[in-house]
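Here the structure is laid out as structure tokens; the discussion comes afterwards.
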Amino acid sequence: MRPSGRAPDEMRAITIETGFTKHAEGSCLVSFGDTRVLCTASVERNVPPWMRGKGEGWVTGEYSMLPRATHTRGQREAAKGKQSGRTQEIQRLIGRSLRAVVDLRKLGERQITLDCDVIQADGGTRTASISGAWVALRLAVNGMIANGEIKDDPIAAQVAAISCGIFQGNPVLDLDYDEDSNADADANFVLISGGQIAEVQATAEGATYDEEGLLRLLRLGRIGCDRIFAAQLDAVR
Amino acid sequence: MRPSGRAPDEMRAITIETGFTKHAEGSCLVSFGDTRVLCTASVERNVPPWMRGKGEGWVTGEYSMLPRATHTRGQREAAKGKQSGRTQEIQRLIGRSLRAVVDLRKLGERQITLDCDVIQADGGTRTASISGAWVALRLAVNGMIANGEIKDDPIAAQVAAISCGIFQGNPVLDLDYDEDSNADADANFVLISGGQIAEVQATAEGATYDEEGLLRLLRLGRIGCDRIFAAQLDAVR
Amino acid sequence: MRPSGRAPDEMRAITIETGFTKHAEGSCLVSFGDTRVLCTASVERNVPPWMRGKGEGWVTGEYSMLPRATHTRGQREAAKGKQSGRTQEIQRLIGRSLRAVVDLRKLGERQITLDCDVIQADGGTRTASISGAWVALRLAVNGMIANGEIKDDPIAAQVAAISCGIFQGNPVLDLDYDEDSNADADANFVLISGGQIAEVQATAEGATYDEEGLLRLLRLGRIGCDRIFAAQLDAVR
Amino acid sequence: MRPSGRAPDEMRAITIETGFTKHAEGSCLVSFGDTRVLCTASVERNVPPWMRGKGEGWVTGEYSMLPRATHTRGQREAAKGKQSGRTQEIQRLIGRSLRAVVDLRKLGERQITLDCDVIQADGGTRTASISGAWVALRLAVNGMIANGEIKDDPIAAQVAAISCGIFQGNPVLDLDYDEDSNADADANFVLISGGQIAEVQATAEGATYDEEGLLRLLRLGRIGCDRIFAAQLDAVR
Amino acid sequence: MRPSGRAPDEMRAITIETGFTKHAEGSCLVSFGDTRVLCTASVERNVPPWMRGKGEGWVTGEYSMLPRATHTRGQREAAKGKQSGRTQEIQRLIGRSLRAVVDLRKLGERQITLDCDVIQADGGTRTASISGAWVALRLAVNGMIANGEIKDDPIAAQVAAISCGIFQGNPVLDLDYDEDSNADADANFVLISGGQIAEVQATAEGATYDEEGLLRLLRLGRIGCDRIFAAQLDAVR
Amino acid sequence: MRPSGRAPDEMRAITIETGFTKHAEGSCLVSFGDTRVLCTASVERNVPPWMRGKGEGWVTGEYSMLPRATHTRGQREAAKGKQSGRTQEIQRLIGRSLRAVVDLRKLGERQITLDCDVIQADGGTRTASISGAWVALRLAVNGMIANGEIKDDPIAAQVAAISCGIFQGNPVLDLDYDEDSNADADANFVLISGGQIAEVQATAEGATYDEEGLLRLLRLGRIGCDRIFAAQLDAVR
């Protein structure tokens, strides 16, 4: 029995509110239950130094939690003077995941930065971030196509992410904080709309798991990502 | 004529949405027109080292802009590894302003941190922050009184802040970004509900101003803060 | 009664010793009583990146306290690895105040940095810094005019600063440390020789103040700045 | 055909030279072909602050590359003043992997730090680090048992790690640098001697992969880890 | 022929102005020609953590150049966020040199920090710093003896430092900036009043030197330090 | 009697294993007894900004201790976010020492970085670093001559370094950790194969020393460096 009363393969409510901020070329507030993340896509004419002159673009991600997104207040990373290992790990994952569906040559020498700022956390902030970032990216690229900046659509597919885990011995989909902090294993799947896998990160916590366990989690992940793919399409329509 | 078509003493629409996040002891999303700031109040049992053992509490503020709160994306301070002088100046102002209406002895050895995170910026982010922070603080203290943590209300009055400026030769109230970036003088007033002044910061930009100009700005500031005091009361009711 | 026995509108002795160091293009050691600040003006051919190619110059300030300028030794900011919020706030104020009287176009693409290093502190270090920085700047610009580097004098007026406060209920001029640490309100005025105001920063400490209080402090500030303007002229003659 | 001429399921030569340094409680120099990592285990009586008083120990990892471990010299992280996101990601993985086989209660209030310093890099540095760190840990714990510091062996099993990838369309085991920099997908498996999985990290690079691809990589990973488990046992015997 | 016209064994004028600042327990402004350093001694009840509970004190040094102490303005270390290698090397030397003549047991659990801030630089700032720091230390300790804080004088002897070098083939004493920047070899001697050596740092620059050269420089160093010892005694009398 | 049983002028065994890593243009693992340092020379086409366009090269050193090179584990400097004063002092010494024997004009606009990473420490790490760095440099330059990159050999002589000290009243050569931590005086000599001195750093620790003591240490230093010169020649042959 899950603390939330959900079925093992039941996701939390997903909502995606597009155009949440007015300055960004694309933006949305994505919610997976009580987890809420503001995702913005910013288009700049400036690629990183090591990309210059190649005629290609770059897509990158940044991630942060507001200090009181969590149960107890966390110290602001800007005040500490550095980003935690966790933050860096997550923002590298966001960038990698989005680049998996973007043709950088079609983007031209432009950088799109996907900022994912967690307004409220209740488990699954990195997967909500990736899922929402795709929407912000799609909206920004739509704008660039509409105003003639680029011609060929550089986005080849949708990408979405979901966490699964083994909670009290059972594989469950879309862990909330109560489950996440007590799970025996925790897996994040980043999947592509055509059925391919962009990334798997599966970690034993306390207990370990085997091949069968991994596959059962992956199957749950597919169920979840299909739900997210549909919500993304609704949002950008 | 103001770019927004507002009268010189006309404020933008103020909205204060309380309970915007679920973990903070008090929170609101405050909007002055298109400027939107998430303010949270976090109560901790831990005062700073130099306050310990005095039986008094502390109230402090932190401030940040999300990277794409502005027209063009700003680099994340956590990534740069330090907070700008502007950020530090504003967060010191927030803390000082709120402490002007709090009796720290009545708070007991607790710290309340007011986090003001700018979701969208269109001028006046520091004044919206202070005005919203009071609401978050009021809600947090109401909770502490309700659950018996403290008995005497440590909040002696309301505090609000507004910016005024001289735009194309005329004193105007509540500058938006278009006005702010072209104003000849810029003043921020932090006022207390009983009529007292907590802080004045008035700076010439390009042109300078005289005593009469300062007083005209202060009078506009009073009009603005009276509007905010009313909105605060509505919000916490 | 003031701890120093001064009348409410009586300043401490002001001395300005020009040419205190030999390398700087302009320099002075300014004293307001026991507060002593070394101000140097350094002229460089290099403007900040965001100013380049505009044909304009830049004037900026930096501020620091020597570790034992104060009653008890403070940790060196270079050893801590960052400048405090207070330091940044003050150095931003110094730069803004001097720019209020300089025509940056007449300066050409040059940067003048005003370094204000507090040798000994007894209240009013930021106002002594601004007042001395003007002298260092004037001397540096005189030298540039004398050697033909620039033709039109970019300095339009004098700028000076003084602190005032409400001490034991009475408005007083030029607070020393004993008064400053016990004042009910503290105001810094940056005034321009023609009668205009460059900046007002007035803060309630413990008690608050009203419009009448602000005006009384401003009138004291005018008395003080007139004294400083005279001392500046004597010094640069 | 692999650049090295190896068969798809053929590992590079593994050597583990124990006792490589004299001060550490456990140490080895582990080589996977030309990748060489010095792993040391340091036992300290001091657990991190958030672990104190629980009667449990902690196992953590640190990772670094010597500046010229790679083809071109990399800047020293100590000189840059911060660890890269990649470094932090790897050292978090090392710690998590080792903790998967350690009973922290049996360790008592002690911290064991596993330092993995890459002397020479040719692909697979993180997996060699984890595999060598287990040997250093085993030796350190053997010493603690031998001198009576602890009684019950806190190490429940062996842990090893290996990278696999899809290179020119074929799943291959133990990627060297030439393969790693051109692989279509890259997976790191951290496996436990009893058959369980501690961690899977599988990332598409350029191409993506599907469930079948993931399983084929995992099967190669098992072959590799079995080879490493044997080498570890030889080394600690 | 030296640029200054001095004889090879001729020092620049030495002046030591004691009591230069009022807050420090001991202070002086020391000048070696145009090199001027403010030295303050601060007594604190607090020894560093690794010294606590031993009943011994500690003597340490800190060093900084004001930004415009030099011909061209240097960036402020506090703004850069770190102290240069040169600064750290010099402040370690200052501390070590002073500790060579202090009995830390007689000091009790107190720390004396010698801050050496270079107001104006013309070569020899580290040697002027050490020589002036001894005066500041002597004055601070005299005060502690006078007010009964300590009984036995912990200062066993005088310590002074001087630079010598080989300039255009000739050994010369007390290099100024013009000589220092063109010297073939540069040596700093820290000598103790009884004839002993506390520290020698001799470096070839361009040319190298031999044993005979080293001894000739050391003999010049003795001449210089004897002059400084006399000036120190005059200053503290 | 020395703890190791060595005669006063007896060095520890010196071994120099060249080609220790495959990527560096030159490398060796140098051992002075149990002190082992990996030295690599990296040739880059890029000189520091302040050297550009002069047609000259640059030689610089970097130094680090692996965290568990020592008896107790030291915190990683990359994790602390800054290099210690000791590290900076040593790496400046390494660079200066090697530059003493290199003609930078003959090097052309290239930088050679000598990385000295201490694998195991038992006293004398900085002198082993300098001595090994010369071998790495020699090998790298040999390669550049062999492949025709440069024609004239820029290395004019050998350079080596050794520590000496006064231990229990007696001058001894090549201090190990037990001696170093109890020595009354500690001197590091950097000598050039033709008989010249590149650098002397002699420090009193506890006791002080006189001219005669300095010369006796220098004579021991010559004995030690002659041994190292021979070992260097053997290694590069």
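As written, the chains take the letters A, B, C, D, E and F, and residue 1 is the first residue of each chain.
Everything below uses one rule, namely that a contact is a pair of C-beta atoms (placed from the backbone, for glycine too) under 8 Å apart; a residue touches a chain by one contact, two chains touch by 3 or more.
Treat the numbers as computed from the prediction; the structure is a model and nothing was measured.
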| item | value |
| --- | --- |
| Joint neighbours of chain E and chain A, given as chain labels | none |
| Partner chains that chain C and chain D have in common | none |
| Least step count from chain A to chain D, where 1 means the two chains touch | 1 |
| Angle of rotation relating chain B to chain E [CA atoms, steps of 5 degrees] | 120 |
| Selected pair, out of C-E, B-C or A-B, that shares over half of its residue contact pairs with A-D | B-C |
| Chain separated most widely from chain C, comparing mean CA positions | D |
| CA centroid of chain D to CA centroid of chain E, Å | 50 |
| Whole-Å separation of chain centres (CA-atom averages), chain D against chain F | 32 |
| Shared-contact residues (touching 2 or more other chains) in chain A | 81-82 |
| Chain-level touch network, classified as line, ring, star, complete or other | ring |
| Traversal of the chain ring from chain A via chain D | A, D, F, E, C, B |
| Complex interface listing, chain F residues touching chain D | 21-24, 27, 34, 38, 40, 42, 44, 62, 64, 66-71, 73, 76-83, 87, 113, 115, 117, 119-121 |
| Residues on chain C engaged by chain B in the complex (per definition of touch) | 82, 84-86, 88-89, 91-92, 96, 100, 187, 192, 195-204, 208-211, 213-215, 218 |
